[in-house]
Structure formats: C-alpha cells, structure tokens
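Next come two complexes, and both contain chain A; in the first it sits with chain B, in the second with chain C.
And now, the complex of A and B:
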C-alpha cells in the first residue's frame, strides 16, 4: 500500500470517529449535573430515583417527568415554587441549597390513594458549617405529651366563643395568659379552667370566659399566619379533614375503611378544645396515630405548622377579623 | 322522463318547504338568561352528572369536586378549563352564548382511562336534530307524492 493510501484511509477513519463522537460528547456534556427524576404513583414505586445528592452552593439541575399521571414537585422546608410534573413533558428546575442537610421532595398533586407517600430525599453536603446544627426537640416532646392518647375537652362552651367579645375583657386578663408559652402548652379547655379559677375574672360569665380564651388564641396568631394556614390546610389537609374541617373530606370514607377511624373533626368542640397547640404540632410533625395521617415534619417549617394550627382553631372560635 | 307542470309545481313546493324547515326559527321557548350552578363530581373516570343542560345566554358556574385524584374540566368550544385537587372545590364560570352540544373532558392526566373521561354540555334545544327529522320526513313524503308507482302493466 502506498503511503498516501494509508494516510487517506486513516483520514477517513478519523473523520468517521469524529462524526460519531459529536453526539456522544454533546450527550455527555449536557448530561453533566442534570438529574432526571421520573414520577410514578406511590403504588408503582414513587419517585425514581428517590434519593439524590447535592452540594451547598452548587446549582442542582433537575429534569422532571411523569410515567403515569399528573404529579407535582416541591421540596419541603425550602421556598422553591411548586411545579407540575405531567406525563410526556419535561419540567426543568434548578435549585441551589444554602444550608446542608436532608431535604424531602414530595408530590403536590393528588395522584392516587397513597399520594402522600410519594416522597424522596436530597442529601445536601458541604458548606461552611459541616458540624450538625443543634436541633431542639419539638414542644410536644419537651412537654412529654402523648399524642396518641385521646384528648377530650374537660369543658366545652355553650355557645361559640368570639375573640371580638373577648377583647372587651382583655384588660382584666393577667399578661401571663397572653404569652406564647402559655398558649402553646395549654388546650383551650385547660385555659378556660385556669381563667375560671382566677379570682380577677370571677365577675365574668362562663361564655365570656370562653370569649377570653378565644381572645388569647387569636392574639397568638396573625391574620397573615391564619391566611397562610388556610391556604395550606386547603391544599394538604382538606381532602381528608374536609374543606370546613368537619372530618368529612372526600377521602374520609376510604380512610375509615382502611383504619376504622375517621379523620379528626375540628368542628367538634369536645375534641379540638381538649388539644393544645403543642399536641397538634406533634400530630402534624409525626403523623401516624393509626389514622393514616401523614407526617409533615420534613415538609413544613416550624412557623408554618404554627400557622396551620392557628387556622385550625378558627373552626371553634370566631375571629376578630373575618 | 318528462315532468308535467303539476310535478314541477310540487318540486318547487317541496323545495320551499325544505328551505322553511332548514331556516325557519323553531318555536323554541326562549328562557331569559339566568345564573346556573352545577356541582360536578369528578372521579376516575367519569363526571357526575355527565350531561349539563343550559339555555343559551345563561351564566354557567361549574363547581368541580374531585373525589379521588386531581382532575380537570375543559369545555370544548368555549376553551374554558379548571383543575380540581381533592379537598379543594374550584369553580368555573362562563357565559353559554354559543348554542349547541359541546363535549367537556378531563384535561389532567388522571389514569389509564383518562381519555375517556368526558361529559356533555347542551346549550339550548338540539334544533339540528329536529330539522334533520323534518327534512327526512319531507323527503319521504315528496318521494311518494311526486313519483307514484308506475301503473302496473295489465296482464295480457
């Protein structure tokens, strides 16, 4: 073979290899740092993959799609906006984490009976503070509350308490009742008994003492907080607990069929007025109780849970600002 | 075949009658436009009720309640749509100013039989049906009247 012939053959081979390598290189380059997540109903496997890694400060690119029905995607305890994940579509999301830790991503669209089980985790490492942050135990553990036990109200009002009426007697109230610590650690019915036993309030009628309880509960929340609580309640809770809190949501029958229990009825004074905010916080954080209640600990920030709790009590108390 | 004057007369008459059937306004009772609210329950894979009947010009409000997974409702012809998650009743309001029969369908992929999750919005009386019935009757009648059977050949 002539030298020029070898050269030309080599040239052809090199050309072919070059052409073949272009798409491979593009594929490799574009795939760098992109995580593709497929959503499936929890019954058929949930998110795939359901655990991913990321670095603090390094943008995480996600491509989301669904293999069956409409899903949603959100990351708990972050302010990432909720996106829809539809079959046949790619949704691209870029997130940058500022703090290390374990984040939970979850489905935000009711995709099936076990929708809430559709969760995955993002392990975020690196960052300046590699030492684990001290975590304070939730209030229900500090108070040693048994969140699985029934919590009947020790006393119930004869008429619906109103924070507006209660505000008229607020001047008679010792400021120790208005603190956040008192509010969170006491159920409304305990607070009622405390106030009833208070000699400074002995001139008030029973309904007016209940109005004062409503006033204490109201003054520990903000209108914005209650509005946020209402929004989150509608999105996350009302499918079981009902849009009006009656425990009669569209899934209440199937919850009953599976667990023998109905979702909590927040319009029932005998039950809700026996629950302190700390107790409700425990139930929301941990879930369970043999009722099919999901655990929201990895999803909501503490303040968010307090907002939801503030809203839940409005099923019992009339608010000042409606 | 040569048509007699009489036959021409009948043909023209039938044509006029046909035009009347197609174009004449039907004596449909026209109700004044009103507010109408429907509570439609969506579940896999049907709407209940699946047929909504309204009068033209009505302001229609559809409250969509999902009882299992996230569903949508898209009204063909009107292009109005809404999405409902369980526990969050949503409503869709539009003015039914276009008479006719329209499909509404789920526009959120909700499961295997999602494409078959449909319903019907009926705006006004289905005049097309009655006009078609009238035309068919007219055609049958004039066929018999215009072209009677030829006289039977007498037996030899």
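And now, the complex of A and C:
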C-alpha cells in the first residue's frame, strides 16, 4: 500500500475519532460529581431522574435543563430560590442540606395540564442523626376531620362580610373566639352559628355577626402572611382555581375532563364558608381524592399553608387590610 | 460564451490533486458524524441542538442560497456520504489500488435508471419534514440512514448508485444545477469518440471511472455530473474543462423526461407547501403536519400528494394542451409537457431561495447559539451560547423576497419562450401558469 494511501486513511480515521471522542470525554469529565436533571412535561415523563440522593452538609451540584418547554425548579420545605429551567439550556445550582429527610423538588411553571405531577425526591441522609424527628400530626387529623366529605355552609351571609365593620363590635366578643385554636377548628358558618347563639351578641343583626366572623378571621392572619399567601396562590393554585378564586383557572377544563369535577370555587359562599382552616389544611397537605387536587405536604411548610389559607378566605371577606 | 477555468494551471492542478478534496471530505465527514452524534445524545430541543441547527439552517442556507445557484453540484463534490462506501468499494481512499477488491459491483437495474426513486425519497422526507426539521433524534436517524444506505449500495452496486438514483438531496441539486454558471464539459467531442478505452468512464491507474455513471463525452447538461473531478484526472487527452458560463445555459435544451418534469413539480409544490406550513399563520395546518400518524396528518399527506402529483401537474397539463390547441401542434403532449416543465426549474429554484431567505434569516441566530453549545450541555465554546434569538434583516426581507420571486418569474417566462420556440408551441398558457403560482407564493410569503 502506498504511503499516501496509509496517510489518507489515518487522517480519515483520526478525524472521525477526534470528532466523536473529544466531546464525550469532555462531557464525562465535566459531569463528575454533578447530577443532571432533565425536565419534561409530566405527560412525557416529568423530571428525569426523579429520585436522587444527597448527604447532609455535602454540597449537591445539580445541572438542570428542559427537554421541551420552560419549567421552574424548586425544592419544597427549603429556602432555595426558584430556578428557571429553559429548553436546551443548562442551569447549575448547588444546594447544601443541613438536616436529613426526604425533600421534594417540583416544577413551578404551568407547563401542562399535569404540571403538578412534575415532582421528584431527594433522599438526604447523614448528619448528626438519621433518626426521624417526632412529628406532631396535622390539625385536620387531630380533629379527625373527613376532608373528602362535602362541607356545605350551614349558614351564608346575605351581603359580603366586612372585617372592618366587624372591628366596631369586637369589644363585645369573648376572647375565646379570637384564639388561633378556635379559628382553625371552625368553619366561618360554624363560627356564625356560635356567635348568633351567644347572648352577649343578641343585639347584633345577622350581617353584623357575619362582620364579626370576618373580623375573627382577619385577626388570626397578618397582612404579610396574606401577601405571602397571595403570591403562593398565584404561583401554585391559580392555574386550576383561577386568579380570582372562581375555580376557572387555565387548567380547570382539563381537570374537569380528567376527573369530572371542576376545581373548588372559593368565591362561592356555600362552599368556602363551610370549610374550616383545618379542613383546608388537610386538603392542601394531602390533596383531594379523585378531584385532581395535588398534595402539597412535602412542599409547603406549615406556616406557609396557613398563609395560603388566610389568603383564600379573602375571596369571601371584604375590607381585609392588606 | 464560456470561459475555461482549467486553462489556469493553478486551478487545474488544484482540482486534479486528490488531497484538497480529501481534506474537504474529512472536514465534511467529521461535521456529518458530529451532527449525527449531537442529534442522538444532545438536547432534544431542536433550536439548541447542533444537529438540527447545523443541517437545516446553516447547511441548508449555504446549499440553496449559494452552492446550488452558483456552483451547481459543487456540494456533491465534497459531500461525505459516499466516502465510507467508496472506501469499501474501491479498496482505497486516494488513487486506485493496484489490485481491485472483489466486490459485487452490480449494475443498477435499467428500469430504475431515472430519478423516480429520488422523487419518491424526497417526497417521503418532505412528508415528515416538520418532524425531521425540529427533532434532533429524527434528523440524526435520517442522516445515519443515508450514510448506511450509501455504504450498503456501494457494497452491492457499482459506482455511486445512492447519489445518482436514491439520494433525496441529489435529485433536486441536479435539477437546479442546470441553472448554475459552472459546468464540466469536454473540450472536443471528437477526441472522446476516438479515445481508446474511455478511461474517464472505465477508470485507469490515474483515477476511477465516472462514479456518477456518466460518459463525459456525452454531457450536455449539469444534472448528472457530480463534479467529482475523476474524469479530469483520468482523461489522457487533457480534454476535460471546467467552464464558467451564463446562468441557466442548460435550460436551452428542454428535457423530454417525465421523471425530471415531475421533479420540477415536486420541488415547486413542496416550496409552496412549506411556505404555508412552516411560515404561514395556520396553526391547525402546522400541528397536522407535525402530528405524524394521526388522522389529521394523513389528511395533510393526502392534500400534499394531491397538490404535488395532482393539482399542479393537471393545471400545467391544461396550460400545455391549450398552447398546443392555439398552435395547432401535433407534437406528442407528453414531450411538450416535459419540455415546458423546464420553465419551472428557475421558478422553483427562486421559490426555494425566497422561502429559505425567510426561514434562514428568521432562525440564523440559533446558529451562533448551537455552535457554542452544540449538545445543549451548557458549553460556551465561542462565547455565543448565551445569545438570544433574534431575526435578521427583517426590513429587507420582504423586498428581497419579492425581487427573488419576480426575478424567478421573468426567468421562467424567458425559459418558456425558449422552449416554445424549440417545440413550436405557444408558451402563453404556461407563462400564465407561472404567474399564477408566483402570485400564490407571494401571498404565502409576504
């Protein structure tokens, strides 16, 4: 074989090998110690991988990319800020967990009808103690509430209750009504019946009593908490429940197509005024069986859930100071 | 009026020397395999993957806006697809080896010695084009399939049968190469007639027999000459020339072949369909074209095929018949039909140029992004990965497209008049046909 032929063959083979092997080698080298997570709409598989492991105190390096549309990446019950995950782009984040447990990462963008199914878990082990900390059961369980049962309001107001007007009668209220325990365990309609039966308030008209209920509900929340609740509601809930709480969000039709039910309408007094904060807590924590309502337990901290609940009641009660 | 480029010794030795071409092949083969690899293992997001961006935006822009109009089959001269197959077939990469390897070297069946199969493969690719253009994995599969098919055919058949009879790209490059201002021709046909052994066709120690199965002495148009330069190397009489010539010089001799006529219809119709589907405002049409395998997609396929193989040729046939009636001609309609289809060659090319201008200028910014981060792995090789999408020359686009389409129409009218004189038939109905389709294309693009 001629030298020129040998050289030409070597050149062809070298060119091919170079172009195929160099990128792979670089990618392999760069990928050491990094977990690459691909986001796809839930219908196409969701996060991949959807389960990863980490150690307490050891930085976890993540490279995030989307294989289809824009997604958002957040880790529940952590203070990691939300990260945008753009199609075809890599976003790198590093997280260090300081306590063991199972953390849920989820999509924060309304990427598709099953957007809320885009979830994965990070098993964090190690640290001072791997033993699970004792956790007190949530209030809805302590109260033994059946959160799947219908909860129609026993009574509804004839006009929209106002916390501001209610404040004028606050002095007549027994302090037991203003406690957090009372607020969380009672629905507004139960509270209305309790107040109506209270002889100390017998001189008040029905609308005045409803105003007092609104006052109790406002007294158990803070403007900051409601603002936080509004922000989280807009990001996580309004896709189904609608920005104005009417159960008419962009995904409401697809929820109806999947379950035969529309998302809860918080502007309907007959529905929301029959639900206690504890019952709403249960629905948010565990999700609604057969309703399409996702579970948020692994994602939101307790206080966050109470903030969202505080905001939800503003769909019924007027003049809440923001 | 022709100017021989090979009279310059520098040009001639550059073209005869195998090394420059081999370097071209190696670079192209590397790029081709890189595109396949990025398609398979890179991001599935089409506009961020080198595979789709390189092939369907960068390569396509160079091919249809520069290579084909100005160099004809210039791309075929460096296309890497035949290289691996030819290596096996010839047993060498450079000069012919002293001992030929034993291969089947079968002749391609006579009945398939036309471009109907190329018409079919192009149509097949066109039917799936929305998916191929946007899905890197599918692009990679198509590229890999072409490579494997070319290798397989080189093992079984002689010469470049894949390029000549099957390649979906080669078919339309050949059609539009007729308009290019470059040609390979013999200097004196008499020399070829008396040449012993015809090494340009049969090969010699200096080079291989024409890989495109063409006898250069009989070349009258660019369609089937792949500009591989083998005949320039093998001709013992220095009788091969590369000439500069006026644009569209080949169109003076109208084709009489139906396969070539239908290639013109397929290309003309596909440009119009693409303009509607890829650039038009019809979302349902777009999603039907994309939803391969669905009822809507089958509807799109039927409409596509009916338009290209039914409506366009039928209207053209009517125009040709009308011309025959007006001229009281007895020339067989089949011949006239094929001859007048030559007028659609410049028109179709300009349709593709106008469509591609829009497509390429809108998406060209992805080239910089994908070149810096070819796999979508977060690389930034040239510092351009973070650029955002933006269309280029938006204000110049519409006037440019109008100019191209009107220019294409005038070119087509001139060609129709030439063909009319040749076959002695009134060209006005064909000119009206060209005007009508140009109006439709203008409406689709502007």
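One rule holds in what follows: the second predicted complex is superposed on the first by the 287 of 322 C-alpha atoms of A that agree within 3 Å, B and C clash if a C-alpha of one lies under 4 Å from a C-alpha of the other, contacts with A are read in each partner's own complex, and residues count from 1 in each chain.
The working rule: a residue touches a chain if its C-beta (ideal position, glycine included) is under 8 Å from a C-beta of that chain, and two chains touch if they have at least 3 such contacts.
Small disclaimer: the values here were computed from a predicted structure and weren't measured.
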| item | value |
| --- | --- |
| Touched partner set for A:23, first chain B, second chain C, both or neither | second |
| Touched partner set for A:227, first chain B, second chain C, both or neither | neither |
| Partner chain(s) touched by A:87 [first = chain B, second = chain C, both, neither] | both |
| Partner chain(s) touched by A:66 [first = chain B, second = chain C, both, neither] | both |
| First, second, both or neither for A:95, with chain B first and chain C second | neither |
| Which of chain B and chain C A:15 touches, first, second, both or neither | second |
| First (chain B), second (chain C), both or neither touched by A:109 | first |
| Partner chain in contact with A:172 - chain B first, chain C second, else both or neither | neither |
| Common interface positions of chain A, toward chain B and toward chain C | 66, 68, 87 |
| Interfacial residue positions of chain A with respect to chain C in the complex | 1-2, 4-5, 8-9, 11-12, 15-16, 18-20, 23, 27, 30, 63, 65-68, 87-90, 92 |
| Interfacial residue positions of chain A with respect to chain B in the complex | 66, 68-70, 86-87, 109-113, 115, 234-235, 237-240, 242-243, 249-251 |
| Contact footprint of chain A on chain B as seen in their complex | 65-70, 85-89, 108-111, 114 |
| In the complex with chain A, residue positions of chain C that touch it | 18, 22, 25-27, 29-31, 33-34, 37, 43-45, 47-49, 83, 87, 92-95, 97, 373-378 |
